[in-house]
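There are two complexes below, and they share chain A, which is joined by chain B in the first and by chain C in the second.
Take a look at the complex of A and B:
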């Protein structure tokens, strides 16, 4: 393990984030209008930024660890992450962009005209954001501890400080460029070592990976009482529908100039994600060559970082480990900063601004409130990440997708496509999905795996909470036809009218 | 924007909705997107179904350590990309010109 080289790599990635973020901040001040600047982002740059933000610690370290441990079943995680983007594109991206809402609570209020639904949506955005931030901090702690021997709290602390600084400075608004750079850092940091390690593996006579027979077999149980087909179907459903409900994903679509631009961006995003996700299976298989059995005290998540040291002892292996550590930090920073930005925005708007306005007698609180929100947004999940025993990076991220799929997906899909949605219906869906997933997660975290069907249903609740939430929305809406917002017809036409027509229409009115 | 202006604009949307061209546009969009979504979700969930009902087939090796299930997984990346690409091309070639024509007609109405 190379202490100095890895420290240099991690420090470089953190510095790049701060410097490029600061540069972008200055750039956006000179540009008179932030939104105009946002709309000049080319589809390719934007796609890199989306890829940079989306590929988190779970993708960089977690998927390889799961493939190492559980075999090819786990391919369905990256496929699901990618497919979620496709669902988002064809079903909701264009109508959401036309709604003019920048965040999910904005959309809820624009569609339903209800402060209460807005408030519940805000709480859910913060909950999903924190659930997603916790594994980023844990991943950072794990990585830094492994490559430098630092105590486990240091890595998460570094990530927390860097993103609080970046978001608090307001730099996140204009750092599309930072996240684009981070995609390419991540891809390079994962691809180059993979290539070198594969060459070393071939030169050493390409020994076959040592795997138990069920590693190749699809849907093999991981233990007694495991229900693999239920687990897989549930995961797949959560990933398909969860992507659209993640707070940091949707906002990126507004940086596109128009519909065709957004579509070009998505095609590129899916290509970038596909290229990236070819690599974790390589590491999973190489891991099986190097470690036929997982050493007792080693987490599956850390397998990627341990392979170079085993295959190429000495300076070469140290260099490769340093690259991987740097890439992993790029993953933690880019995802965490996008999430922190979303959570900060909601905390500032919904919680701090009204309170501060009351204290100061209606004066605008300015940047102070925003900075306070930025600190709150990252400190609480950091503390949580220290309290909660790490569950596995990809598992915790999967839970965030599950909550999003069970709460926001019904609200968005039915909000965009169904005239009969009523205010109590929307509320019922958010509450049913939120409680169902929340209680399942709390039980699993507090009591551990209960085993058998109860354990399976609580550990992967999406397959029952998603239909439950949809059913709650539909049934309650049907029961309360009087509470369908009067503006529904008008709002839906606006959501489904292509921009080109809208443009002509508004000129017609002049 | 004042409430009046917004209502006025939204009334304009409502008027727009009743035109045949707009209905045709909407029908075209749904006629493509809904079946396609159904197709790719089915294709995606097919893995789970095949694994439940035909585990032998999915676990069969086609050479070395490569099983049909593994090929299925990698193939999903290819199809996801292909579907996205086809959708984007369809929208650019079919949907946008139609919206463009409708927009142009509204422009002409204003000038006329």
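Take a look at the complex of A and C:
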């Protein structure tokens, strides 16, 4: 089916992103403008930007699709996505801002003074970023194919080109404006059709949703040998701890003016996410009303886009579908550009800048290298998204959270709160968590869900990989007290002392 | 013939400009990572961490309590409020304002700890 209105909506969203990005281009002058918007972003704007960046294809389409399929247990996903910010707020928000670092590898190096830990962190940032980018491209392909009949590679390609242009042109400042706008686009695009569809549903005599028997029952096994309590707990843990370890989330904290500003931003983020996540269950339930059984050729992820056509045939339905398609594209664009930004930053600093500096004989390559990195950051995951069979959107995003929770979360939490953290300890945590999650998830992707306990432990590894990573950090640190960095006390003073206390030496100037 | 040795001069200091131990701002100890500064920092970190862990503990208890109550008292699963089943309301709606209130409370408390700390270390 083809909806000209949907094409217009998608084009409008892409155009807005590019225009706002170009607006940032004129303001971006120094290198720090490109990275962290010159640190002049107010908490409210920053909170909208975080919300806009965070609400991805998984939240906009995936959660509703999963609720449609599996019912109440899937409500834990948006709960986990939101509580991730509560954990981030109480554990790391203010210290992260005070660390004065641009990226996660910067933080690792500032805290531990180790090039090796920095390098491993960089590899993980790129891995998590690419893992998270893949479902955005796939979601875009799915949406565009559904509303225009275009081949599946087109949607991802459009998203790739737009974000490479927006990130390469203006860097972070443009992205902050873009992201803030995107949150409100997404909320409107999901809320307005929800209200209209609910009204239509009431007017048509509010037929009850047709649901499978387990749909309403919390934590009910989907089959023999399923372990819903373990799986749910593991998923929620991964989402709660993974949020702080996502590269594109922490980068945003460096743009807050100070520590308390970072906290206030996070509180507002929780409110914005809470409002947004009221909506996916509405679509899940409405989906159950119009599609008692999922039609054979339809994926759960596209259920949101199909509801208006069924409830409101004709122009009205087309209009609502166009809104949803535009909102979905806003979701792909904003998350993908945030991720692309972080991956670009790491590629630029770790890979391209040293190489280019050698080529030019030590001259600073300036923004040229940054733009090259932006292209690199999006092309590879796009190719990957064409190669691997799409899992569900929310499932793939969950994998990225699991890796982040098992690697960066222990490093950041212990780095902020524990004096005894040693360099080998940090390294051991990154390696243990990275290998544990990497091998489990690779097995699951290659062999499918094995069922029973092996299946549960490998498909949802966070409940054992997170304790494993924490234990590795603590035990190895205790065994190597000689390798605790000498700068530990100075860095902790910087991380925890309020800004109003005048510190001549320990504070970084920025 | 040798010159007479120069007269002896007594070199002293009045110590009037010296800094007495009592007049140092603790902030300087913090800045220079003296042992005293370390005690101040440890105190701040302990207070902050205790507050953070309290928030996390409350969250975990609430999250665990919800499914436990739902499975131990099946009647709660079929209760409806305004036509919506209670479990859906609790997990799909009530969680969010609760998280926001908790977050706001934490941010306020944490800022108060910092204000108190600033007053202590900034006075001479």
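Criterion: the second predicted complex is superposed on the first by the 476 of 510 C-alpha atoms of A that agree within 3 Å, B and C clash if a C-alpha of one lies under 4 Å from a C-alpha of the other, contacts with A are read in each partner's own complex, and residues count from 1 in each chain.
Here is the rule we use: a residue touches a chain if its C-beta (ideal position, glycine included) is under 8 Å from a C-beta of that chain, and two chains touch if they have at least 3 such contacts.
If you're wondering where the values come from, they're calculated on a predicted model, not measured in any experiment.
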May I ask you to decide whether A:146 touches chain B, chain C, both, or neither, giving the answer as first, second, both or neither? neither
For A:264, decide between first (touching chain B), second (touching chain C), both and neither. both
Have a look at where A:498 lands relative to chain B and chain C in the superposition and call it first, second, both or neither. both
A:86 contacts which: chain B (first), chain C (second), both, neither? both
Contacts for A:120 in the overlay, against chain B (first) and chain C (second): which applies, first, second, both or neither? neither
Tell me which partner A:159 touches in the superposition: chain B (first), chain C (second), both or neither. neither
In the superposed arrangement, does A:75 touch chain B (first), chain C (second), both or neither? both
If you stack the two complexes on chain A, which partner ends up touching A:274: first (chain B), second (chain C), both, or neither? both
Report, in rising order, the residues of chain A that make contact with chain B in one complex and with chain C in the other. 72, 75-76, 79, 82-83, 85-87, 89-91, 216-219, 229, 232, 236, 259-260, 263-264, 266-267, 270-271, 274, 277-278, 489-490, 493, 496-498, 500-501, 503-506
Parts of chain A lying in touch with chain B, wherever the complex brings them together: 72, 75-76, 78-79, 82-83, 85-87, 89-91, 208-209, 211, 216-219, 228-229, 232-233, 236, 240, 259-260, 263-264, 266-267, 270-271, 274, 277-278, 487, 489-491, 493-494, 496-501, 503-509
If we count contacts the way the header does, which residues on chain B are in touch with chain A in the complex? 8-14, 16-17, 22, 25-26, 29, 33, 36-37, 40-41, 44-45, 47-48, 51-52, 55, 58-59, 61, 65, 67, 69-70, 73-74, 76-78, 80-81, 83-85, 87-88, 91-92, 95-96, 99-100, 102-107, 109-110
Which of the residues in chain A come into contact with chain C in the complex? 72, 75-76, 79, 82-83, 85-87, 89-91, 94, 216-219, 229, 232, 236, 259-260, 263-264, 266-267, 270-271, 273-275, 277-278, 281, 417, 489-490, 492-493, 496-498, 500-506
Chain A touches which residues of chain C in the complex? 27, 30-33, 37-38, 41, 44-45, 48-49, 51-52, 55-56, 59, 63, 67, 70-71, 77, 85, 87-88, 91-93, 95-97, 99-100, 102-104, 106-107, 110-111, 114-115, 117-118, 121-122
